[in-house]
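The first chain written gets the first letter, and so on, giving A, B, C and D; residue counts start at 1 in each chain.
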Amino acid sequence: MPTAVIMPAPHQPLETRACEMPALPPGGVLLETLFSEVCGTDVHLWHGRLAGVPYPIIPGHVSVGRIAAVCGTVKDIEGQPFREGDTVAFLDVHGSCGRCFYCTVAKATTRCPERRVYGITFSAGEGLHGGWATHITLKPGTRLLRLPAGLDPAAYIGGGCGLNTAFHAVERAAVAMADTVAVQGAGPVGLSCVAFARLRGAGTVICLGAPADRLELAREMGADVTIDITQRGVDERLREVRALTHGRGADVVIEATGQPGAVAEALHLVRDQGTVVIVGQYTDAGEITVNPHLDINKKHVDIRGCWGSDFSHFYKAIAMLGRHHRQIPWRRLAERQYGLADAQRALEDVAALRVPKAVIVPAP
Amino acid sequence: MPTAVIMPAPHQPLETRACEMPALPPGGVLLETLFSEVCGTDVHLWHGRLAGVPYPIIPGHVSVGRIAAVCGTVKDIEGQPFREGDTVAFLDVHGSCGRCFYCTVAKATTRCPERRVYGITFSAGEGLHGGWATHITLKPGTRLLRLPAGLDPAAYIGGGCGLNTAFHAVERAAVAMADTVAVQGAGPVGLSCVAFARLRGAGTVICLGAPADRLELAREMGADVTIDITQRGVDERLREVRALTHGRGADVVIEATGQPGAVAEALHLVRDQGTVVIVGQYTDAGEITVNPHLDINKKHVDIRGCWGSDFSHFYKAIAMLGRHHRQIPWRRLAERQYGLADAQRALEDVAALRVPKAVIVPAP
Amino acid sequence: MPTAVIMPAPHQPLETRACEMPALPPGGVLLETLFSEVCGTDVHLWHGRLAGVPYPIIPGHVSVGRIAAVCGTVKDIEGQPFREGDTVAFLDVHGSCGRCFYCTVAKATTRCPERRVYGITFSAGEGLHGGWATHITLKPGTRLLRLPAGLDPAAYIGGGCGLNTAFHAVERAAVAMADTVAVQGAGPVGLSCVAFARLRGAGTVICLGAPADRLELAREMGADVTIDITQRGVDERLREVRALTHGRGADVVIEATGQPGAVAEALHLVRDQGTVVIVGQYTDAGEITVNPHLDINKKHVDIRGCWGSDFSHFYKAIAMLGRHHRQIPWRRLAERQYGLADAQRALEDVAALRVPKAVIVPAP
Amino acid sequence: MPTAVIMPAPHQPLETRACEMPALPPGGVLLETLFSEVCGTDVHLWHGRLAGVPYPIIPGHVSVGRIAAVCGTVKDIEGQPFREGDTVAFLDVHGSCGRCFYCTVAKATTRCPERRVYGITFSAGEGLHGGWATHITLKPGTRLLRLPAGLDPAAYIGGGCGLNTAFHAVERAAVAMADTVAVQGAGPVGLSCVAFARLRGAGTVICLGAPADRLELAREMGADVTIDITQRGVDERLREVRALTHGRGADVVIEATGQPGAVAEALHLVRDQGTVVIVGQYTDAGEITVNPHLDINKKHVDIRGCWGSDFSHFYKAIAMLGRHHRQIPWRRLAERQYGLADAQRALEDVAALRVPKAVIVPAP
């Protein structure tokens, strides 16, 4: 009998419950969960900061599992059927309609109004649609990928949801070979941004964040320079980035912090005619002041918002992970593991920034 | 003997003076000025709002004239020598170094630190380097173009400095066929943005500005819809733009106002995953507040600052003017003409927004 | 009782037959055909030059009709239901899978292997899936658009399938304001390329083609210069294009001819670092010789193949047509109309290039 | 007294001569040559296959040296003066005019008609303007860069002229993270393409070339798979590349061979909607046949010629070399060294493909 963690409502204690094993519809897939994760979004969910969430929910939007059952034939992108026993990951975003203006004309499926997300916008009553559970039921049409040969599921969950987000951000930043890239933030998204900026050929990667052990991890993932924001003020940080760039500022700045103030700082850290990608502002944490003359017009700068990710990011990010997981320690982001019974503690550890990410291991 | 208008210092009355005819260096060109213009930048100069201006200066950064003398051989872009009597315009930006990081690696010559501008960054003591004068002396290396056959110099000065700026802005906006483009501002830059958005294949061009007669001109230049900002509040404007775009907002917004608040409004007027170009913030007029979550990250928007213009914009903008001046009434922006002796009044008329642009006609 | 024209097999005479009115599946739409068209592809079909065609078929891939019945609710891109009596066009391409590498990762849905095309890849036994018939049954998921208000269906069919193809080609060419664009071919695709190049802001549009009346039409659709290829040899054409471009060649060349030799000529007509789009080679008409040093490497040229079109091209092309059909005489391409009984003659007239396009008017 | 190798005319034996030490003009720089190189272009020069070469010449277009004298002040891109003793490289391309259509409007300086190249388009009578000499005199305006700290000049010359060319090709290919990149050719350009494709984040890099020891070097420089073209026929190669790419072909193919037939093969190796860069066809080695329907139009492919390189490529390529020379064995391309007296043998060894590159060490 499956067991799942339920988030009944914002600020309410999590509950662990036994559930019925749901019937699979044709095209559905049942997973035994190997790992799921607790990320900043789950903290936002618990604080009630996301709109349109149908509490109670089973959290856990990015997970990896082993196929326990397939109803009918479900094929991968190459037309090969999935089999019981396959180790798979799935894109948390589901149900982009393929018919609206954003899906068909703008080709920006992450803005499709019908898009739903496992672990976030499915009610617990609809099925096992979140990863903090022994089993996950995937609806027909869910985008599944087998893990590349040799890739440990723990390394995958170390990347987790931040992997896709960071891949999209670095692609949107159009990092060019020899660029100086400043990444603001040393959480899971920031750390993967560091890794992808390095893999894409950045000349110098600078990570601005805290605490010290995450910056150590940032260096292992590819940062040439780290700046501890608890030790250096805004002016000092700016001076340091300029000193590394002949006084000009970074070619690319990627904001991955969740702090609105970082956006204003990004506009100072970037050089004239550089690029700033804003990927860390997933909830409304307040406003900032900007000087449009000095910060935008005269600088001739590009500022690019970056929301969500689509299957292409997921597909390529997993390919990169499969290729480089031996050199880049994504696995270390998955070091802190918790059972289902400890999900509340996991959530609080992430909320308190005690760990960059908490991994849920549902197996008994 | 040449006569020139001198701006001795910010807030000081303009003076009209007879000057020595300067000697031309090899490669220099002497023009008899046909028309020069008074634009918003000249008002900023008079208010002392630009840094690094070596007062006293001869204002007038964009002008058109007839070649009175060439020292040696000066060739056009096709290798044809300029001759006395040719009617020519010139790029106001001069002296980009061709050696610095911005000129050679970033390929953003408008950020070259050695760049100077006729009518702005040359002291009156250096020569006749501004257009509010009967003669202009052009330094060796100045970028000159003959006006296309059939193009009246008055139509050219009607476009004036706003022509290049607007061309650059519309190119940077990457307006696509069938896009809805909202242009904020109905001054010379905004009006030319309307024209170029139309010429580039926009589906619907909306101009938000004032007063009514400029909006009438905007419609003649290609706007399908105009919104009078003195008659409609911010919320009404937003509703109206959304009503024209199936509730989504404009595909592209081009800010050409000089008002910082317009930048914040632009972020509301644009649709998700749309593009905002900021080209109207040429001086520091203050700060705005922005919500990075709602306005940038979640919207997946592109915001692009746009500073100055280079020879490619000048070359192509003049080609477009030559091709389309019969259909698009750039000439009407040049309707208000003033002699040198009336330059003070011209400046005040522009400052008071009584005219979109004042044209200086130096000939007696 | 519906009547349809059947193409039984390559080179076999067309037949006109009464058919059963098919039952609509949920999501299906029944149209009364207003106009369909005979284009070069239909000639290829009749000559057996396309692979994978399930003869017998009802030809007619692009059509416009009036909705006679809707099974259930079918909504447009904005979520508005279609109603009986709506005048609609539909994208001939149907069934791109949304799951394969090309649909999801490469984002090139025109290369989806599951893609089918009305009037081409549906057997007559499957239903009324071609436009040379009084009625058309559209399968669930077909992409429908209402014609813009004021747009005559005859103007739409004048654009027809060439409209989408040309829109895609001009977008892929990335025509920039003031570019010189040479369009090879004065058939339906070439003529719409001329129109869209003009609407996108080309400086000079040159059309190379024949016969004289089509070149006359090309001028009405926006060509500044036409070159009759029956009057001028290859060398003369090249000299003429260079004479119009300061000796350099065109910034953009769009090949829309069906003749392989035009591709080699395009590489000579284009300037160094220019762009060539190949959109006219829809069937295998043979090989050409190219000199990779002179024609590609040293020229630093971009050559872009352009296959099919997707819903975004269809959506935007119709928007452009709705906006500009009064100025640009697309309607004139629809002047030659034929009843169903005359479909054989229509096909032969197109095959013999006696008309640029034949329009089928199925109504009695 | 300087000593230089003279190539008197095509097919004539090289001569080694003592020369006068030339006077430096203001802005000129005198180098003591550390290393110069013999590349395929030098073989072409000796075979008389390049147009416009003013024999006799001093060959050697890419070199590295130590500054022996500076006439006046010559500054680097950051404004720092060069000093005697600095170890510097220089861009072989000199004299792009900065005024023509290609320099200013098209922004394609490699197509500037006034562009000259050290070691190729300067006559020996004009000065020591080639690298096969103990000293090199650099004209005012030559683009110089100090080698990054820690970078051995031998590693730089191992990259040599192929470094810039390959950097440009990989940038023009727009290699994306996780792409499969097939590089045709295992000469200096091909090997550096392998390295840069790897550094830019390619998923799988395939090198097709010969002989076996160069393919071994390709693997050390970053190729995942090598295919020996002396062991596998064209069909086998195609099957192998398809087998590595789910039957589709490579996302990107970079042709760097000098063999026209490789261009035709590239069009088969690439997947639909992929990108082919042609960078190996620097001289006219003949024509190929292409099927425009199958190879270009239906494939929806991008083919990009790539000619020369500019200062931005040189600047960034050296930055990448400085960053990665410890991991990527560019130095090994510089293993075969020859004195000035052995230049003839060096040239013949390169012509016979006995070495990928011959390094000239002029010091006694």
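Remarks
Throughout what follows, a residue touches a chain if its C-beta (ideal position, glycine included) is under 8 Å from a C-beta of that chain, and two chains touch if they have at least 3 such contacts.
Since the structure is predicted, the reported quantities are computational estimates derived from the model, not experimental observations.
Looking at which of B-C and C-D shares more C-beta pairs in contact, the answer is the pair C-D. The chain pair from B-D, B-C or A-C that repeats the A-D interface, sharing more than half of its contact pairs by residue number, is B-C. Chain centres here are Cα means. That of chain C falls 44 Å from that of chain D.
Centre-to-centre, using mean CA coordinates, chain B is 41 Å away from chain C. Chain C has residues 78, 101, 246, 315-316 in contact with two or more other chains. On chain C, the positions that touch chain A within their shared complex are 75, 77-79, 98-101, 104-105, 107, 143, 310-312, 315-316. By the touch criterion given at the top, residues 78, 167, 170-171, 176-178, 196, 199-201, 203, 246, 315-316, 319-320, 323 of chain B touch chain C in their complex. Residues 101-102, 106, 108, 110-111, 246, 248, 260, 263, 271-273, 278-294, 296-308 of chain C are the ones that touch chain D when the two sit in their complex.
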